[in-house]
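As written, the chain order gives the labels A, B, C and D, with residue 1 at the start of each chain.
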Amino acid sequence: MSVSLRKARTIIRKTLEKGREMDLKPLSVVVLDAGGHVIAFEREDGAAPGRFAIAHGKAYGSVMLGMAGTAQMQRAEAQAYFMAAVNGVYGGQVVPVPGGVLLRDRKGAVIGAVGVTGDTSDNDAAAAMAGIEAAGLTGET
Amino acid sequence: MSVSLRKARTIIRKTLEKGREMDLKPLSVVVLDAGGHVIAFEREDGAAPGRFAIAHGKAYGSVMLGMAGTAQMQRAEAQAYFMAAVNGVYGGQVVPVPGGVLLRDRKGAVIGAVGVTGDTSDNDAAAAMAGIEAAGLTGET
Amino acid sequence: MSVSLRKARTIIRKTLEKGREMDLKPLSVVVLDAGGHVIAFEREDGAAPGRFAIAHGKAYGSVMLGMAGTAQMQRAEAQAYFMAAVNGVYGGQVVPVPGGVLLRDRKGAVIGAVGVTGDTSDNDAAAAMAGIEAAGLTGET
Amino acid sequence: MSVSLRKARTIIRKTLEKGREMDLKPLSVVVLDAGGHVIAFEREDGAAPGRFAIAHGKAYGSVMLGMAGTAQMQRAEAQAYFMAAVNGVYGGQVVPVPGGVLLRDRKGAVIGAVGVTGDTSDNDAAAAMAGIEAAGLTGET
């Protein structure tokens, strides 16, 4: 099972809707496939210009490590030099905080990831989960 | 005048519709703002995983140089080492072929760019123009 | 609203004048547009040769994140690995300390940033604010 | 002898004035010191956002190689792979075309370089020479 563009669009739209409902700052949302490659992205009006890279970094690290943002953050807090080194081997493209959410199929296999940025990391993750659930997928924050 | 997310969505949807109408291979479409930063991106099912970077490279070079894909290609053909050097200063992020389309406002100022990849460069550019026109904007291929 | 070269010159001159008035070390001042691209830069005689990159890094991070130097520093102090990771995704171009000052228009939209370096971070920021105010713009340190 | 900020300002202003007089497209002008480090830069309103990197690349290669833009271009045309390799060792920061102008003192020593971009390479170089002469310095295109 892979994430279709249709599903990715639903995730993004519903994540943004949740952000408006929660009254969050303007959000940016990326959906990556199982190889860590971009399927779709949207940045809301008013978000800072550099938000693609942050959203991407949250999702990319999640896919590449098979570890969602919360687990990455715990590892970074316990062993900062390890996550720094991991980032070295991934070309500095990993942002290890909540808002990077793994997408899993029914058997638990990783089929992609969502990255959300714009508000607090926890709010970013909550909005992502709303989007993922609206698309009928299972997320791991 | 800047390109809103709403306009960017229209450009992408209409570019993809045009691609289906022309029976093109699966397309990927990015819309950048006037600073070369990603507003929105979509990759159709069946497109190769690395298409984000190609679409981005077509649009990014257009914005950074203020020169659309066709003009970049002509320069690359006339003076290959120059475009190679330009790419060096932009971190290798420039893909100098058609499919990179400048967005201009009514006074002619560059307000962003669209990058399309997936089929031939000329077909990519044609689909982009259809999307741009459907959004009520002016494109330069 | 965008920052014209004329405004950028005024910001730089008045920042440098303030530096002389405060008896600061030689300063370097950059003004970036809303996309993080350089409009103007000056380095005073006697400043270290590498000051462009520091001034640029202070302003660039401010624009890309939509967060001025003081807020970046607080985040770096609270969660060092996060700012390190953010810097990774921006190619190591972010210097998260005061002296990176956001420029906002009357509605609060970010229209660029100023980066000052040479003295203490706080003095750098104070000089920047003097330059920004002399240009009739609103700064956020 | 080194290039003061005062001299750099004169070079930039007079280069821009020459550009207006010649009716050139909006120009961007950088002045580097003898170590290849930025002293001052200005980008005219209407120039593409990425012009700093091009202007810098023209001047940087000139200083680093001790060879002005015209000579670099001749070498690139005669031996493209050599200039490509040179660019590799300088981190891709060299743009080997006219508009990169060496600054020499009375004894012929290189004291810096000017980089101009925006119009044709030859017009860029002509405007640079006007600025350099107005500052009482000797340029080599």
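Quick note on the criterion: a residue touches a chain if its C-beta (ideal position, glycine included) is under 8 Å from a C-beta of that chain, and two chains touch if they have at least 3 such contacts.
For reference, the UniProt names are A, B, C, D = Glcg protein.
Only a predicted model underlies this, so the values are computations on that prediction, with no experimental measurement involved.
In this structure chain A (Glcg protein) contacts its sequence twin chain C (Glcg protein) using mostly different residue numbers, the overlap staying below half. Centre-to-centre separation between chain B (Glcg protein) and chain C (Glcg protein), using Cα means, comes to 31 Å. A separation of 43 Å divides the Cα centre of chain A (Glcg protein) from that of chain D (Glcg protein). The geometric centre of chain A (Glcg protein) is 30 Å away from that of chain C (Glcg protein), both derived from CA atoms. Computed from the mean C-alpha positions, the centre of chain C (Glcg protein) lies at a distance of 25 Å from the centre of chain D (Glcg protein).
Residue positions 49-50 of chain D (Glcg protein) are each in touch with at least two other chains. The touch graph of these protein chains has some other shape, matching none of line, ring, star or complete.
If you check each pair of chains against the touch rule, the ones that pass are A-B, A-C, B-C, B-D, C-D.
By the touch criterion stated above, chain B (Glcg protein) contacts chain A (Glcg protein) in their complex at residues 4-5, 8-9, 33, 35, 37-45, 49-50, 52. On the chain A (Glcg protein) side of its complex with chain C (Glcg protein), the touching residues are 46-50, 53-54, 56-57, 76-77, 80, 83-84, 87, 91-97.
Of all residues in chain B (Glcg protein), those touching chain D (Glcg protein) in their complex are 34-36, 63-67, 79-82, 84-92, 109-110.
Residues of chain B (Glcg protein) that touch chain C (Glcg protein) in their complex: 33-37, 91.
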